[in-house]
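Two complexes are shown next, each including chain A; its partner changes from chain B in the first to chain C in the second.
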Partner chain A sequence: MAGDTKTSSEIIQHHITNLTYGQLPDGSWGYGRTVEEVQSMGFWAIHVDTMFWSLTLGCVFLGIFILAARSATSGVPGHLQNLCEIAVEFVEENVRQVFGTRPNPVIGPLSLTILIWVFLMNFMDLIPVDFIPFIAHLAGVEFFKVVPTTDPNATLGMSIGVFFLTLYYNFKIKGPIKFGAGLFTHPIPHWSMYWFNIILEMVDMVAKPLSHGLRLFGNMYAGEMIFILITLLPWYYQFVLALPWAIFHILVISLQAFVFMIMTIVYLTQAHQTGEH
Partner chain B sequence: MTINLTMLGQLISFVMFVLFCMKYVWPPLTQAMRERQKALAEGLEKAVMAEQRLEQANDSAALELDAAKQQSAELIAQARQRAQQIVEEAKGVASEEAERIKLGAQAEIDQEVNRAREALRVRVSELAVQGAEQILESTIDRSHHQVMLDKLATQL
Partner chain C sequence: MDQSAIYIAAGILMGLGAIGSSIGIGILGGKYLEGVARQPELQPLLMTQLFISLALVDAVPIIAVGISLYMLFAL
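== the complex of A and B ==
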């Protein structure tokens, strides 16, 4: 935990540093022990805490839902099946409203996975910020972030996955020629403006996954940062701020998971639209 | 805060989770939901049909009840009529019988009266003959005067 000698910025820096496995400055491979070591690792490093929590929570999601799906009955459903069906129905309803009724085997499960998985990852934000890192510290682990969605790697990893899927559907539905032609002719359908169109479309194409991933990251990171700032207060009145913020955050984490899912559906819908607007 | 391999790891795990969800989670759950929806729709439809049938049954029951009431009323009226008829017939038969018995009795009485009158007549004629004999003091030959006596007896 925060030692007496640490400054506020050091505490914050400590809290937002991942448990990173990569090449240390001396050339050997291992976990970064200081903030400087972690920052010097570059691309060929991996955030072990992010991967651990995202995989764990993904398995929790799949575990719960597969358990419910295994014993799914069309008769009277049990509590677990009810819960899972509420989520499935919610996703289906949103897909139906935005995407329509085109037959697509991916968008439903994709949206469900995003909604629940992102929600669970966001939910880690509600666990007191020092709680798990403290336990990790006792176990000898220096850095341990518990909210995967406050790591842009996690959110961008997902948004890039969605981006690849939109590319795939663009090629599949429109065909490479029509898709390519659309990039040149799209906003202003005049030959003299083709150079302008392609630049605009490229920016648009890059901006989509970036904004998709960074929106979630930004919201969760800001929320986490406020929790960290609250921990800098004396312990006896932290709850005055932490409690309302946590209650408000329940809304934020659900909303962000929902927004991430809706954005995914919207992007996939755009990839399926063949005609002009 | 740096972008590193984590992104790739997250991408791969994302794909894996979606694939698992596609294979093991989505189909059974949605299928169960569809089937339940269908079963519910069928059940509701059946309920509506059953209600209609119940209404029809109620209607036809009311009709049949009415018919049965009418029939029973007819039967009762018939029976009453028949009973009256029987009573009338019985009355007729009884009065006829009474008449017959009365006539028989009358005939018997008449016969009895005739017989008595006959006897009385014979007796009177005998008394008359005896009286005449005594008056005349002479014997009237009975065989001689038999014709005359019979004539006398019929006149009585």
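== the complex of A and C ==
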């Protein structure tokens, strides 16, 4: 850690503060240097570290898969091709099971992207907590949060993107009239209950992207927080606690990436269902 | 006073969320085992469904834990 005189809550505060670019209290624009400065920035601020890591990992994902696709062979496949084929087949299997065989050019690539991208972003959680922030500190960057999915902006950004996609497909497949009518008639198809149905559907619409994004955020944030709490212990305890938690966390990060993908498929499937209820 | 109220709130938030979801997940896992014991060949399909519903049940307490940790350390 930078500076040995900090209290534990200051260390935690330091770890969960993003490298934020925004308007400083004196009116100029720049990176926040202290926690108070970051908190006073308000709405027009951007988390540079989240953007950097998510875009970098997106490029890593694309690079790996493009490399594998370029060198793909129908003969004996290499390790990289095997790995990518496992991922693609896994996604294909899940899409076919949940979504069926409706013609849709988006859902397959979208699910693959979400699965691998979220997995890579979650994977940054397994890198020791102080490793990259310490290097960043040596390079003169005060705050550096490595795991993009511990930032609600990233997870809610993804889930709201999926939400807009479901709205688009609702309009495209059902048509605006049927979609609008479905909002009023869905759970209880009786005219006296239309007011109740619309309230229920509105709550549902808000809750879907919110729980979708917050689920990933909550899991990753809690996991990251436990890693940070472990680093506060004396050094001879840390290995005993951090190792089992890290091993357990391998399961959590893959499960959360899988769940994020499955929920995306489920929401898109719901947008495609035109059956009467 | 302010800080202690936050601690109590975070404790209640985590604890009550955990109670509900642990009952739910217990029922879910039991039913899954029953289903697999009846029809072992459906196990992969049931496993996928199990994970989906597990994630749905899991979401509420994990969001509560996330929010309570946020309250504890970031507020």
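We adopt the following convention: the second predicted complex is superposed on the first by the 271 of 277 C-alpha atoms of A that agree within 3 Å, B and C clash if a C-alpha of one lies under 4 Å from a C-alpha of the other, contacts with A are read in each partner's own complex, and residues count from 1 in each chain.
Following the convention adopted for this analysis, a contact is a pair of C-beta atoms (placed from the backbone, for glycine too) under 8 Å apart; a residue touches a chain by one contact, two chains touch by 3 or more.
The structure displayed is predicted, hence computed values, not measured ones.
Chemist: Report for A:16: first if it touches chain B alone, second if chain C alone, otherwise both or neither.
Modeler: Both partners, chain B and chain C.
Chemist: Which touches a greater number of chain A residues, chain B or chain C?
Modeler: Ranking chain B and chain C by residues of chain A touched puts B first.
Chemist: Touching A:101, do we find chain B (first), chain C (second), both, or neither?
Modeler: Neither chain B nor chain C is touched by A:101.
Chemist: Using the touch definition from the top, say if A:258 reaches chain B (first), chain C (second), both or neither.
Modeler: A:258 contacts chain C only, not chain B.
Chemist: Considering only the touch criterion stated at the top, classify A:266 as touching first (chain B), second (chain C), both, or neither.
Modeler: Touch partner of A:266: chain C, not chain B.
Chemist: Does the superposition put A:110 against chain B (first), chain C (second), both, or neither?
Modeler: first
Chemist: Name the contact category of A:28: first (chain B only), second (chain C only), both, or neither.
Modeler: Neither chain B nor chain C is touched by A:28.
Chemist: May I ask you to decide whether A:7 touches chain B, chain C, both, or neither, giving the answer as first, second, both or neither?
Modeler: neither
Chemist: Give me the intersection of chain A's contacts with chain B and its contacts with chain C, in residue numbers.
Modeler: Chain A residues touching both partners: 16.
Chemist: Which chain A residues qualify as touching chain C in the complex?
Modeler: Where chain A meets chain C, its residues are 9, 12-13, 16, 94, 97, 211, 214-215, 217-219, 221-222, 225, 255, 258-259, 262-263, 266.
Chemist: Of all residues in chain A, which touch chain B in the complex?
Modeler: So the residues of chain A in touch with chain B come to 16, 18, 20, 22, 39, 41-47, 50-51, 54-55, 58, 61-62, 65-66, 68-70, 72-75, 77, 81, 84-85, 88-89, 92, 105-106, 108-110, 112-113, 117, 148, 151-154, 156-158, 160-161.
Chemist: Which residues of chain C touch chain A once you look at their complex with the stated criterion?
Modeler: 45, 48, 51-52, 55, 58-59, 62-67, 69-70, 73-74
Chemist: Mind pulling up the chain B residues that touch chain A in the complex?
Modeler: Interface residues on chain B, with respect to chain A: 1-11, 13-18, 20-22, 24-36, 39.
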